[in-house]
Amino acid sequence: MTRWSRRQKKTSSRKAKTLISALRTAAAEQQHPAVAPRGEQLARRYRQVRDFTTRLCQNLQPEDCVVQSMPDVSPAKWHLAHTTWFFETFILKVWMQRYRAEVPQYAFLFNSYYNAAGDMHRRDLRGLISRPTVQETYRYRTSVDECVLQLIASANDALLDEIEPVLILGFNHEQQHQELLVTVIKHVFAQNPLFPIFVPAVPTPSQHRPGAQHFVPFDEATVPIGHEGHDFSYDNEGPRHRALVHAFSLSNRLVTNGEYLAFMEANGYTRPEFWLSLGWTTACEQQWQAPLYWEKRDGEWWNFTLTGFRRVDEAEPVTHISYFEADAYANWDGARLATEFEWERAAADLAIEGNFVDRERFHPAPAPGGEQLQQMFGDVWEWTRSAYLPYPGYRVAPGALGEYNGKFMCNQMVLRGGSCATSRDHMRLTYRNFFPPEKRWQFTGIRLARDLS
Amino acid sequence: MTRWSRRQKKTSSRKAKTLISALRTAAAEQQHPAVAPRGEQLARRYRQVRDFTTRLCQNLQPEDCVVQSMPDVSPAKWHLAHTTWFFETFILKVWMQRYRAEVPQYAFLFNSYYNAAGDMHRRDLRGLISRPTVQETYRYRTSVDECVLQLIASANDALLDEIEPVLILGFNHEQQHQELLVTVIKHVFAQNPLFPIFVPAVPTPSQHRPGAQHFVPFDEATVPIGHEGHDFSYDNEGPRHRALVHAFSLSNRLVTNGEYLAFMEANGYTRPEFWLSLGWTTACEQQWQAPLYWEKRDGEWWNFTLTGFRRVDEAEPVTHISYFEADAYANWDGARLATEFEWERAAADLAIEGNFVDRERFHPAPAPGGEQLQQMFGDVWEWTRSAYLPYPGYRVAPGALGEYNGKFMCNQMVLRGGSCATSRDHMRLTYRNFFPPEKRWQFTGIRLARDLS
Amino acid sequence: MTRWSRRQKKTSSRKAKTLISALRTAAAEQQHPAVAPRGEQLARRYRQVRDFTTRLCQNLQPEDCVVQSMPDVSPAKWHLAHTTWFFETFILKVWMQRYRAEVPQYAFLFNSYYNAAGDMHRRDLRGLISRPTVQETYRYRTSVDECVLQLIASANDALLDEIEPVLILGFNHEQQHQELLVTVIKHVFAQNPLFPIFVPAVPTPSQHRPGAQHFVPFDEATVPIGHEGHDFSYDNEGPRHRALVHAFSLSNRLVTNGEYLAFMEANGYTRPEFWLSLGWTTACEQQWQAPLYWEKRDGEWWNFTLTGFRRVDEAEPVTHISYFEADAYANWDGARLATEFEWERAAADLAIEGNFVDRERFHPAPAPGGEQLQQMFGDVWEWTRSAYLPYPGYRVAPGALGEYNGKFMCNQMVLRGGSCATSRDHMRLTYRNFFPPEKRWQFTGIRLARDLS
Amino acid sequence: MTRWSRRQKKTSSRKAKTLISALRTAAAEQQHPAVAPRGEQLARRYRQVRDFTTRLCQNLQPEDCVVQSMPDVSPAKWHLAHTTWFFETFILKVWMQRYRAEVPQYAFLFNSYYNAAGDMHRRDLRGLISRPTVQETYRYRTSVDECVLQLIASANDALLDEIEPVLILGFNHEQQHQELLVTVIKHVFAQNPLFPIFVPAVPTPSQHRPGAQHFVPFDEATVPIGHEGHDFSYDNEGPRHRALVHAFSLSNRLVTNGEYLAFMEANGYTRPEFWLSLGWTTACEQQWQAPLYWEKRDGEWWNFTLTGFRRVDEAEPVTHISYFEADAYANWDGARLATEFEWERAAADLAIEGNFVDRERFHPAPAPGGEQLQQMFGDVWEWTRSAYLPYPGYRVAPGALGEYNGKFMCNQMVLRGGSCATSRDHMRLTYRNFFPPEKRWQFTGIRLARDLS
């Protein structure tokens, strides 16, 4: 009805500028090491991030990129365009003189949820939009890339000061969408009885069964929580504050498929005593009997992976389970999930290494073995028992940036640690991901904790 | 869950043979004029029909062919594949020796609603299937076409006797899907704020306002209704029988956009006294205020057509209206819709000419003028007030063919006359189309009738 | 939101007068035999009809009368009030001088679907209205009854001429709601695990198995269809007209539970080949495996009746089945349902006798036996294969009366003959009841027909 | 389907005994002052609590008690029966020798959500159950009461030791249902255009406008949180533990209707920047424009209360708002909601006094005035920004008792302080109520907090 008028509306540059000024303040204190010219560094990073998006899509056909298999998750093509729209809207339209969008309606089609950045097309209908084609979308990417790189190349220090924080936000933003791309494609392919293959499986070393879980103890302590300092972080990671964490112990590794099968064989899916009330209702309504992407054939469990449809490997961490399943599993096992504070405390001194998307395995891998904490980063996002809520002193930033995180702080649970679909340099100790408790299409898994007292 | 096993199941040839034997009986009495060798004629016809499907898709991009914009209507790619599956299943798998399907799962993916021909993929999920790609689907078409043409070329008379009726059914089947293709693409493009263009508009002669409606009178009579004879027809068109038709008069032309606008301006959409109870509920729930594809901009009505988004032309017949709207319009006008018997009686002596898809206008055209019956064929399907029910003596044919028509005889209304998306040689005087009363995405329109007594 | 203002609105007397004038015209030609004073006759009839409503409710508790177990069916209390509202609105407010409604809001609460008679409360929410209480509702009945009887007693002939047709419509209207009351209470009680009893079972003569079905033949003929004459009938029963009915035969009795069990045991509920497409979908979605109110216990079928929960009696006619089940049963049996024209032709010379609500059995009874047509009236409404459509020449009456029938002529099937919940003197040869094909809460059943040719 | 078998199943006494043993452990350490004989004390308390339930229903008609106006909230009659079922199941069936339930099916009908206590009737269908009648339900209450009082009277000390904790749980359980009764009746009456009155309004002292809000400051501190000691508390209030609470300030009083109107006039309901994403969606879908029970008439806001439909009083605390509205209001005002730890810290030294249900006002009252903290207890439940989660060290109790609280710890927010529908002696400093963020039918309101740092 009002579609036309809405399409005509343009993101007011005033709004974009509010975003910018917020970012600038945040970046003001940052220092830039003088190793290489800053512009060159930014341009190289820009190309890296943007190219990796393209690389992820290299095996996709145009048809794959159009399909929307869940109302709340967008098709691949939209991600390709939206990440481009971000740089166009928040960089080019603000600082590029005489910049003129080739197709003004893209602003309407490819805005995501930034109410402050103008009207947008309904998310649940994105799968109905066949044009622009994928090829045209790539052209849009290329065209914006050229302009951005040109802007960076010609920028003086004062301008670089202004655009750098927006660029860095854009890099992180694009990395988030890369993760979505991977999980979206997995969901789309899983709907197809032909089970298309995203990438051929990387040959893996001979599999072993990880040893028994070992629970690492932690004393009660008041610890610092949250991000501080000059590096990039999302607003929901701050402000850094002290929190009193009671004594607890944490499993040294993730719960495996084999262990999860034991829960299933103990009728875990049909015994309400292990489940949250809402979880039980959801499991019944959706007829859950196993993790998402699992299918029983001739008495054996198989699962669909991005490298094909294959037998469930008992040594791998279980993944694609909801919070409800993670919680039920923990209850069945007499344990519980960790809070996000416990997790952050335990991970505080660990290196950020693991099975990230950079390895291009696109699937979690078995634990290496040993009693020390492992798999804390990468493999699968770990459900915590913490609801996603603001930290003490948190304030929503003004403007479009303010919509990034704060408005989702309800009915979601915190996930920590990143997954095999996350970029390694996107991850931080303090990174707070979040997801509704009933969703299963992310690479989500379980690490157990226990009270110590 | 049982997806795999279902995919593994193959259409039993027994089922296909039931279909064949039913067709053979029907065709037994047919005579074949000896103008050109029968095989050559069939091959030529085969190529014509199949090529027209391709022609309709020539401007489509792969992305356009994947999108499913309504749960009960399939994407273009599916139509391309399904019409091919028809020939593969009912011709090649039955008569082609050593025929082996390249991709056996296509039988599962591209079956439509023939329960008797094996399991099938859920229709409302067809838009989630990105593979096979459109290009692969065309390869499937080509490969089946080659086999069919080869089979025809090498067939002796006995074999031709057997396959001819199935081929002819296949031609008609494909023509129905061509009509669906056109209307599906229109619906898909209409979802897109960019309003893609299917074909450029054909320049039309200067428009004129059709004159006032003239009601042509018909006396009471007992008339023959339904199809008889050797030519192809669907089973729902028979058996031919006598029906007592009371005196009535029929408008010489279709209701125009201009006349429909008068109904709208008389608040037709907000006055329940003109509407069927179910129609009123539907109109309220779906917030109908105009025909489908109409949009008001700056006080003027525009509509989306396959040749672009343009101002409503008052001289054109109104189209994309539901039965409920047609009925409400007639009540407002103090008239009524015709029964299908009245329609068939009135059209009995007319030539089957009109604005069919062969003209490639893809939109209804204004009436030529004059007091005689016009626009009876082509332009838009005419809603009748007849529920879609079996004729006296109708029996469902055995096997897969039996599913073609009979099982839809509930809660649908009969449409007559064909539209600008119908092939001219697909149309017959006795042709009975049918559609649920609340649907609007077909080219449907209004012709008024009155009692005479 | 606008609730208040809508409640304030009163039925304009103009609207009621339109109804009256339409009725007066219809009644103008009626003649009144002079046996007893007309006023007395009307008063006696009024009391009879009204008292029978009360009698039906005598065993109900206030709680029973409030519950609404289906969104499209009203609670008993509402029926008690609405039938009263009818006389108040169309008699008292029109002819009773200085009549003043005690509770003006009742006009809003107890209007049913007469858009022309003012706004109304939403039907699906009627079960949320606890006040007026049942006792207050009875007071409302008594108060209106006193006024009506007083009006009749004091009316001169001229006034009686005016109100008589409205009164007669009111009697018929109340009888329809009596039937609804019975079926509504059955549905309400059936929801309760305690299975309350409506009335104790009447002791019945020793049951017998009805003999085999006998098909009574009828030749092709052009027959008069529909109502004519001075007696009351609904508008949908006319105008009387001739129809050409082809040769057919009709079963002499209804299909029994025993026969229906054979269909069930032949897997009738899981074989799509017998079902209409929409019927199949409905049966799957609603998981039909037997008629409504049937329940399997320890391997035996029981059914809930108004006289208690008891074993299915194989000799009784099957009831509480949808059109879809009736049609599937007929297909399975190689027969079909009759058209309403066939039914009316066959019943034309039969006396209107049978198991009506007057017998207070509240359940269909086994056929008496013999080869003649039986059970044509009473016991269960017989599904016909005729869609509910207007007869040739039918025109909707103006005003509120016009809403009585015509606006439901879509997506419903015609039922003929009345049931064990219908009043005997409410029934006519030409009576056309109608019901959506998927509904099962009426006393509906099956009589088979066959083509003869 | 399996209704019968489910009804036949009886609560195994084993299950009830698990509950008992858990309670016994908890009560083991309790000491009983010897003022009056323990049995008499318990009997008196039993009568008090049970009688207050009856008192609350004294103005209700049977019809009022049957209606279920929300799928997730039960009708009044069910509450009357369920609280009785509790004592029957967990007291009489366990300790009363030869106790035999008069109607065994009540166990099925009146179980609430205790999976461990046997099967139960579906909650959303409770409004369909007309029998037992309200009168029969009262008989059930009386009969169980007599048995319980008899058991207490005849119990020796050893038995009293066993049943006392279950009785006390039963008292608290009944008080919770008393609160539900009040809010359920309010919702039922609000559906009725006649707006029934629950109780006549108590004449109130002349109203005044409360003064400006005053924010009371609190320093950072590590404080004890949760319940400890011998008195009754729910399991979710423990274990008592230390929590680090950062500096904050808390408004001395609740937000008023007048202040909330200012938010509404500032277009609070149409500005997404104040809203959580889920809140925004909910507000749009449900078309919220004001608190529940508010209605605009002739430009003025009215609200439905238990004492009638009347003008919104600007001095009263706003109530019947969702968490989303409370949060949006706080954002608009530049403040935030308190955490439950902040609330408990601030209330730690306050007497538990206020406008509780004991006053029988059934509506929140204006703040008395002054700068000190007020309205912390009673009037309205205060939304906190704390998600409802287990305290450190919390473990679900075994058996039916374990279902009391733990399984609801997802997607709910904590409410503190009690309301005008809560019993005063049901309230505690540590009491944690919880409610889904989108619900509005409880007496819920807003108290603002701010960061201090």
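For clarity, chains are labelled A, B, C and D in written order, and residue numbers in each chain start from 1.
Definition applied: a residue touches a chain if its C-beta (ideal position, glycine included) is under 8 Å from a C-beta of that chain, and two chains touch if they have at least 3 such contacts.
Computed from a prediction, not measured in an experiment: that's the story for all the values here.
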Practice task
Between C-D and B-C, name the chain pair that shares the greater number of C-beta pairs in contact.
Solution key: C-D
Exercise for the section: Could you put a whole-Å number on the gap between the CA centroids of chain B and chain C? Expected result: 38
Problem - Whole-Å gap separating chain C and chain D, where each centre is the average of the chain's CA atoms - result: 46
Practice task
Please set out, as single numbers or ranges, the residues of chain B touching at least two other chains.
Solution key: none
Exercise for the section: Report the topology of the inter-chain touch graph, choosing from line, ring, star, complete and other. Expected result: ring
Fill in the blank from the handout: Interface with chain B, chain C side, in the complex: residues 113, 115-116, 222, 241-244, 246, 272-273, 275-280, 323-324, 331, 385-387, 389-390, 392-393, 395-396, 402, 407-411, 437, 451, 453
Handout entry: Complex contacts: residues of chain A adjacent to chain B
Key = 1, 3-4, 7, 61-67, 69, 77, 103, 105, 108-109, 121, 125, 127-134, 188-189, 191-194, 196, 295-297
